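Just so it is clear, A, B, C and D label the chains in written order, and each chain counts residues from 1 on its own.
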């Protein structure tokens, strides 16, 4: 379909995109991530994303979901702040059923999207693409991308997307005007201006329940950390997305090793994100 | 009593039955396990089984038990999905008092049993054997098997079962038409077509509260992972059951070593399941 | 005051009192401990004791305290059973305010004490000494022992007990007709028939909040494991109490080492109990 | 602004301020810390402070905040006592919104401040400085100190405080009559009598959400441990504050190493406090 030149993201590329905190940093300058994910039905998505964001170096995470979900988040991550306030980036959508978004939740999502800070949109928030102008990266898997494009009257199917993920990521980026991170064994990142990056998963054990929520958290943290750069350079978003995918894969690989070569769970991946970052920073 | 030739399951036998995920796998193709276990009275059974299933490599676990139990499950395993949906195998019965099954719970069990995907039946679900035709493995201990056979008007006692577990496992498999995994220091697996496998526990510390729930979770994950093979070859069930028992024992042995040779708890066993699988996959 | 010959309990003495599970053991034969400790005001005592009992090798723990405490117990130890049933030993009293024992709780304590299986009585249950005839060990600290003796019209004070713990442990054993384990930097164990054993704490970091609850759990597990021997030989109780104190101290020492020589918490002690037992079993 | 001679606190200075428990210590003599922090809005602050205090060697922590916060505290630290009683030091204020202090909470804070035992005042309790005469250390960051001084009609701004933290810490100590620990990449400790100590953070990863709550917990534990010395020598407070800051930084450095050089969270810092103390005690 497309003739774009794709490049595989390397460790050295990723290392250039990470920012270690300096002497003048505080938790605010390091980046505050606002998270609107999870629901009574799917609380786990919030827990996984929030934990991964903290592990990936967010200065602070604000989580303001339903009360019982907040309690679960705090039991796991007591450092999370569960009241609203200023944020430098948003992570929206996972663990939310778009067909059952309440009035309050819809208001929160619209508030976030209107705030003009960079946004990571996933799963149950994907249909909101195009309702705002802030720098945005979406993180669908093949089925979600096919649905999203069908909603925009682009004919495709999950089989077609799977057969040529590079082309469909690129097409979606152009159609939707946002950075697209299409998840898969080879993750494809495309932006509307032509950036085209692949990240090949180093372990197939990455395909486990909640893995995508962890990726969302990592990416949210990186975007929050880079908020100053992103304000002046929207092209920085695709390389950040690629860096998140690379860290996600490397953390999974480290988790497999820590588990003696056996299965891993999403929290196992989260637990190794700091080590993956530490390696990159050398 | 019987003259069947029993074989002890070896590490190499087990290794052949494990499937590592490949590039085309996602969490659904790796196998989704539906879990209907645990209750207000016995919530722990659900926590242990669900955690063990994730540790054993289930692509996803769906747990739809009572609300407070779901909250406990999510606090421990945020990657678990607590709403219904398509599954490739069921784990039913542990932590449920058969004398106090509610109308809703009975409906859920019947729904699961009617779904024609493979079923692992344990403890409080054992009386449902014979009410469905899906490939089934039951996992009783000696007392439960004696009760189950007595209910079918087969005269026996817990003492008789303990005295000759091989014979009684075989007899039960024939009477009930399902694969029988009879738990004990030597676990005996028999299927109606004559498969007869023993798995000798490598440590007597395996006999600890909740240990059987962990075994159920491991077996559930293996069955969900093998759902495609099982659809065409029901004979694959007994070897999977033997493999689960072997992994359970080896994980316990690794846990004892991690605890300096001292006592272990059921969660300690769960924590080592990935390492036991990693060893087998070599 | 007394001329009894006291002996310091050695590692080899303790090793003789431990029983590793054998091929014929199941969780019931290994010993079921019933725990009636903790309350709305002091839930933590239950959590610590239950966890320590499992770590010390109880086959099963039954905990039937207040509902919110049960939820906390299960979140920490999903292998615990929270409904009543047969037990082989009881641990009673810690985390209970004797002045605020409810009607239900009083009934539960009386039921336990009437059941004739061995009993470990601590803290808020100490006043019940003498209301039953089952083999009993009490585990007071100096202040509790002084109060307990004062209630029996034995004149003493916490200062006097601290000044001569050996003598007062012995005196209390005679007055009360039970085994007395008097906690301190040197723990003194005395039984009415003249057993007199000391256990010197290997680290002063043992003196931390909840440490006594952990000791209670260890002792409860050992008593449950030895229930058969105790049925025929009440003299076995004092050596078991000394063994529990020695394991408690050694686990604390291992925890200090694991913490780089720094402070430890009660759960840190619990976490090392298996290793302390493993060492003894060699 | 000032010509005071500041000294950088060294490991050897800190080591002299730590007290290892001795044979006559029990949990009470080691120091009981009363904690009034956290709220329905900000429960995490309490969890982090309480956990850090236990990790830093408090003999016991009493936490009496809102019921749901107590439940979260107990799930994490079952050794914490959640009813009132005698304490040897107080930690007050973090996780409390000063504009929304309830009648009950205000009463608790006033009760604590009137009790004449040493006080660590942080965040939402800083406005209470000057309402009591007990030995006090406050732990503001630059913005909080600027606000606090502005409330006392001292003209300054967060920028001015950041530009010359030494001078403003000293000024505040004189104006307010308390020990001031001004948090930053270089933490400045000043007391009204001229003590002037700096502690340079060994890692910029210390700037993470909840990090200040962990510092509060460490300092609270040190103050409770030193309660006897503090009763006779108020000058001991500034060196203790410097020691807490040094331990906090060293624990963060150890946590970064444990995380492979990558990001850390506040609980990661807490987890390494024992090791930092162990190192100092050598």
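Just so we're on the same page, a contact is a pair of C-beta atoms (placed from the backbone, for glycine too) under 8 Å apart; a residue touches a chain by one contact, two chains touch by 3 or more.
Note that this is a predicted model, so its numbers are computed, not measured.
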item: Partner chains that chain A and chain D have in common; value: none
item: Shortest walk length in steps over touching chains, chain A through to chain C; value: 2
item: Equivalent interface positions on chain A and chain B, same or different at half; value: different
item: Angle, in degrees to the nearest 5, of the Cα rotation that carries chain C onto chain D; value: 90
item: Between chain C and chain B, distance of the C-alpha-averaged centres to the nearest whole Å; value: 36
item: CA centroid of chain B to CA centroid of chain D, Å; value: 50
item: For chain B, residues contacting two or more additional chains; value: 75
item: Chain contact topology (line, ring, star, complete or other); value: ring
item: Interchain contacts, given as pairs of chains that touch; value: A-B, A-D, B-C, C-D
item: Residues on chain D engaged by chain A in the complex (per definition of touch); value: 41-44, 47-48, 51, 68, 72, 75-76, 141, 185, 204-205, 207-211, 256, 259-267
item: Chain B-touching residues of chain C, taken from the complex the two chains share; value: 20-27, 30, 54-61, 71, 74-75, 77-83, 273-279, 281-282
